[in-house]
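First chain written, first letter: the chains are A, B, C and D, and each begins at residue 1.
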Amino acid sequence: MAGLGVGLIGTGYMGKCHALAWNSVASVFGDVDRPRLVALAEVDADLAARKAGELGFETATGNWRDVIDNPAVDVVSVTTPNAFHADMAIAALQAGKHVWCEKPMAPRLADAERMRTAARQAGKVAAMGYNYIQNPMIRHIKALIASGAIGAVNHVRVEMDEDFMADPSALFYWKSEAASGYGALDDFAVHPLSLLFVLFGHVEAVIADMVKPYAQRPLASGGQRSVENHDVASVLLRLEGGISTVLMANRSAWGRKGRIALQIFGSAGSILFDQERMNEFEIYQTGDISGGQGFRKVLAAPEHAPYHRFIPAPGHGLGFNDLKIIECRELIAAIDGQPSHLIGFEDGLRIERAIHAMARSFEEQRWVRVEN
Amino acid sequence: MAGLGVGLIGTGYMGKCHALAWNSVASVFGDVDRPRLVALAEVDADLAARKAGELGFETATGNWRDVIDNPAVDVVSVTTPNAFHADMAIAALQAGKHVWCEKPMAPRLADAERMRTAARQAGKVAAMGYNYIQNPMIRHIKALIASGAIGAVNHVRVEMDEDFMADPSALFYWKSEAASGYGALDDFAVHPLSLLFVLFGHVEAVIADMVKPYAQRPLASGGQRSVENHDVASVLLRLEGGISTVLMANRSAWGRKGRIALQIFGSAGSILFDQERMNEFEIYQTGDISGGQGFRKVLAAPEHAPYHRFIPAPGHGLGFNDLKIIECRELIAAIDGQPSHLIGFEDGLRIERAIHAMARSFEEQRWVRVEN
Amino acid sequence: MAGLGVGLIGTGYMGKCHALAWNSVASVFGDVDRPRLVALAEVDADLAARKAGELGFETATGNWRDVIDNPAVDVVSVTTPNAFHADMAIAALQAGKHVWCEKPMAPRLADAERMRTAARQAGKVAAMGYNYIQNPMIRHIKALIASGAIGAVNHVRVEMDEDFMADPSALFYWKSEAASGYGALDDFAVHPLSLLFVLFGHVEAVIADMVKPYAQRPLASGGQRSVENHDVASVLLRLEGGISTVLMANRSAWGRKGRIALQIFGSAGSILFDQERMNEFEIYQTGDISGGQGFRKVLAAPEHAPYHRFIPAPGHGLGFNDLKIIECRELIAAIDGQPSHLIGFEDGLRIERAIHAMARSFEEQRWVRVEN
Amino acid sequence: MAGLGVGLIGTGYMGKCHALAWNSVASVFGDVDRPRLVALAEVDADLAARKAGELGFETATGNWRDVIDNPAVDVVSVTTPNAFHADMAIAALQAGKHVWCEKPMAPRLADAERMRTAARQAGKVAAMGYNYIQNPMIRHIKALIASGAIGAVNHVRVEMDEDFMADPSALFYWKSEAASGYGALDDFAVHPLSLLFVLFGHVEAVIADMVKPYAQRPLASGGQRSVENHDVASVLLRLEGGISTVLMANRSAWGRKGRIALQIFGSAGSILFDQERMNEFEIYQTGDISGGQGFRKVLAAPEHAPYHRFIPAPGHGLGFNDLKIIECRELIAAIDGQPSHLIGFEDGLRIERAIHAMARSFEEQRWVRVEN
């Protein structure tokens, strides 16, 4: 049987990631037909042609609508800048294609709502590219919690920190403009929220504090320009069922490169995880045998599906790009009507509503309830 | 020259700690006269006599006022339960003694204010036993920040977690009564606040969330009793100068035994510290030489005064009890009129006001400014 | 321009790894033509056909000589069990193909020597699949050492430990037969030796100790069978230039899953690495700036080529399978006549001679010099 | 009842350590009479007097024989340079005193043998100051092994590394003279050997390699002087019962400050320990419950006797100096005729014989059996 026909819009880093995933998913998993890489679009036709060669696509175009109109395309990867997601994803859905869209949905909440509506009407798979939830460690942690391994969860802390905005002498660029969003909140906090969603469910109420480490940044032309959004956000949250949570995001955190650190406290144990060491997690269980209680550091292993599809031996390690291959396999499962582990446009919209509620809570200096 | 005459009230764990410090301070530091351990008080005269033998005191009494009345006593260690601190410390100050009082000052803010007033009036040294600030690592971190090693600090996170309340099957005891305080806030948060005070200064505004991991706890008699305070507290703070800070305290955090974790982010680097590994800290500096940027793990060493008074070689490690010996040396310095690194009753009161403000912010679900 | 024509013999885990690498190398690197996956051989024609579908090969065969005879094949991946390497690699070389052979070369030294001779005679690229040397961390460590970042290296320790033989109740299987080799020495020690070779050069002299943790292992039929080789090997080595080295290998090391730990000591610093955390290394440099000396933990980043070909942001992490993609790119470079970072059959043979010398040193309980 | 009368010879760092221990042992443990600090000797009478004041001794002398002749002295701490140990310890034993002697026994094996003989003849307690064996973590590890927690031990690795000789530009001093000993072997390896002795028993056979990282070192006068001993030693050992062990010692290991790292592999688990983080160990047990196997990091806690004598709460940490207090309590137990955990002169001699055997194995480039 022929594999899915794939279209790709956008060939930046995430576009390359999608292409690698489509290229590798059949070899890694061995249980799906090899997808057919049908059509690729870039903003420039020449670049599109070159990228099609590199990434293994049959055809290339400078017009993204060609991808959507291509009858051989069953599913469209949307990996363009956020402002373009809504139009492309909606057009693809309306053309009867499945959609795999990079996060977040859209800068404006109204656009995200339109995307959700289009997905409902089309009845097609509409999945967000929240790749961190695909880490076998996260999926295993979810299973552990569900099995009661640490009892009832009562408190959670999650931190996401990088340092690409940490240098005060770096030139002002678009990430510091208000037009690009709230800052750390939408740039970062969507990722920890995706983890909170798959592990614990919806966010019910929030109050955020935000700061600008640097009020101004230098311009290439000389002089300074005021920074318009906040690189640091700290949020108190209440999740479904009342779990108290602290979410911290800092894109000016010198020394942090890809930290997404979870601390999960339950009535019978605790779990720790940090994406910077994505192939391990730690668990403390009150029932551990003799020798003293302690956090057990568990290395990624074949027992943590689908690690075994990549490597048959424990402790050898997956990489960041491998998460996209897993996400791709989940997408194929969803398209095949099988259970899948994905954040669709419904929950994607809930994540974005939580972000906007956080921003409002800061502006109004009060707790805000999230509409779910 | 004769050393200080020492009185000790209370011989629980902290009393023993004070006694060990008074016994060792001259041997460790080699630059002060050996204190004379004059008088010890316990609630029971027999116990007092036995403890005087163990701890090396010359006289013992079942009446704490005997210690204060003893003319050979220059300084009084107050290590009794918190509810007794105010009366004892005030009486000692009024008798012209210096006072070394275990933290916190008093359960009721009014009592803490009375203590502060008595200290002002007496003109004697009135020091709190905030031992974690004495860690050479913390003192070195303070010096590093002051020297600009990580630039201007803009964001801080501090966590204090233990698990002695984590077991839901443990019997209800006084720590869960409202009469004992707010829960994690006063039981724990005073410690991270002491670190924030010495490193960064006053707290200006707070908003806290608190939860009870277990609504009820079992009674020995059978049945359950409602828990009256909160084992988990999460607080957004603004410090002097606007530094945004997150303070998290959890005394039901399975697996955490003595965690006091600091993350300090500045414009030119970051510093990490965890009291569970009290003999090391990590620093990331943008100016580090070739080989790639990274967090440098620095082990406690003679260059981190006064580590060298204990051990002449690096990396061999101080212990928790050693911090009290350092605190004792600082107290002697203060009594000698020299510069010292201590939290006195003035700043001690500020810490307690911050705690009460946090509790009010939770009750009223709003940001609260701290009176300083 | 058309990419290389690829043949693959063997589709076990390493065969899959080669296939993934051939599939991804062009997309990841973007600077080579996409290889054409021409022909795949498995021992069974049906399995071969199924695997060709999964792994993306055009043709399949049950006879490995068909792959070698295929004129569209330029390079042959040999990923069969070790005993078959010599015949296949030699045949491929004699047919004018480049060869990419999994390690080790061959169980018998004479076969490895024949392979080396065939490679010399063919004048084709003949590369070993020593993937750990491809880790960007290892390549960066090599560059650091060459640049004098830690001065002159004087002492090295390397450990390789896993626990797949650690269970004494596991049934006897072929890995415990003398026919399969010396045990940990050839099963494991070739990997740390590959690292020593690329970082420091040849081995000059060795003395080894070996032990059997379990003298016997159970048989499925009941009863026990004597273990014929050694799961633990410890070796003192002298490398080129006299560097004293300790090599330790243990395949019965409970809890170790993929540990390959390096400690490198120099006159101006030290470097630490552990493959279980393959995306970081630690460096201590005497010249580091203020704040105290310490080991700096450096996370994999774009500055550590070719990490940047996979991910544009630091700290996000490569996986074990990615190392094979890098190795594949190096192989293509070698075929193109460009400088490459590979262990060819010449050095591969030196590694195997070192292994055999270790075994002899144990048997004869004396230091043995290695022929180079 | 009166406590022991204590004499101290030597007031360098180890003398201070002994004094602190004698001062604190009664307060910490609460189950022994306070020792009476009777007499202290230093090479200079003025220094002796000053030190007696600092350290709390009643009398001071410039002649060490005065301490031994003092009838109020029951036990003598010998903490002078190694070359003086034999004469002082033997004189003290012959005078009917118990002896607590810092390690190692003596530079020359014949002196160590004389010490052992004197101890046998005197019938007094003659204990060595091997403080690392007193770490509650080590004592707990011993109990764990004895209880079968990791099954039968089959392989051990131990490393001891510091960097005080690592700087090639540091001036030549006595530690590099042949007269001071073999180098790392006697300076360091006695410590890991003390751990091996208490955990596993005698050493049966050894083969060592040694190197000089720097052939010469600068002189203050200008010019260079040849280094006469070896800063790096690597040893293969066989312990009692055939356990294969690797012992590594390096006093030129940049970045290592007090590392004594143990790896213990058994048939049902593994244990890891590092003195640089002396308040924790790691254990991997095959029987751990769900959630994945892993190394459990156990923090020092009251359940690890005698930690509870110092601190009633887990995870708060002992320091290096505390180990001497524990050793002191063990010595008192031995003097009281109770079971104790100490290395006496008998086993101390075995350790020194093992060291000399290592040196001979290097000189003769062959395995050497140790006389036990």
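Assume a contact is a pair of C-beta atoms (placed from the backbone, for glycine too) under 8 Å apart; a residue touches a chain by one contact, two chains touch by 3 or more.
Bear in mind that the values here come from a model prediction, so they are computed numbers and not experimental data.
*Asks:* Give the label of the chain whose average Cα location is farthest from that of chain A.
*Replies:* D
*Asks:* Under the over-half criterion for shared residue numbers, do copies chain C and chain D use the same patch or different patches to meet?
*Replies:* Over half shared, hence same.
*Asks:* Have a look at A-C versus B-C and report the one with more C-beta pairs in contact.
*Replies:* More C-beta contacts join the chains of A-C.
*Asks:* Using CA atom averages as chain centres, what separation in Å is found between chain B and chain C?
*Replies:* Once rounded, the distance between the two centres reads 53 Å.
*Asks:* At what distance in angstrom does the C-alpha mean of chain D lie from that of chain C?
*Replies:* Roughly 41 Å separates the two chain centres.
*Asks:* What whole-Å value do you get for the distance between chain A and chain C if each is reduced to the mean of its CA atoms?
*Replies:* About 34 Å separates the centre of chain A from that of chain C.
*Asks:* Where in chain C do residues touch at least two different other chains?
*Replies:* Only 256, 293-295, 299, 301 qualify.
*Asks:* Of all residues in chain B, which touch chain A in the complex?
*Replies:* Touching chain A: residues 150-151, 154-155, 157, 159, 166-168, 207, 209-211, 213-214, 232, 234, 236, 238, 242, 244, 246, 248, 250, 252-256, 265-270, 284, 286, 293-295, 365-367 of chain B.
*Asks:* What part of chain B is in contact with chain C in the complex they form?
*Replies:* Residues in contact with chain C: 140, 144, 147, 149, 282-283, 285, 287-299, 301, 303-304.
*Asks:* Give the list of chain A residues in touch with chain C in this complex.
*Replies:* Listed in rising order, the residues of chain A that touch chain C are 13, 16, 19-20, 23-24, 26-28, 30, 33-34, 53-56, 162, 164, 256-259, 276-279, 299, 301, 310-322.
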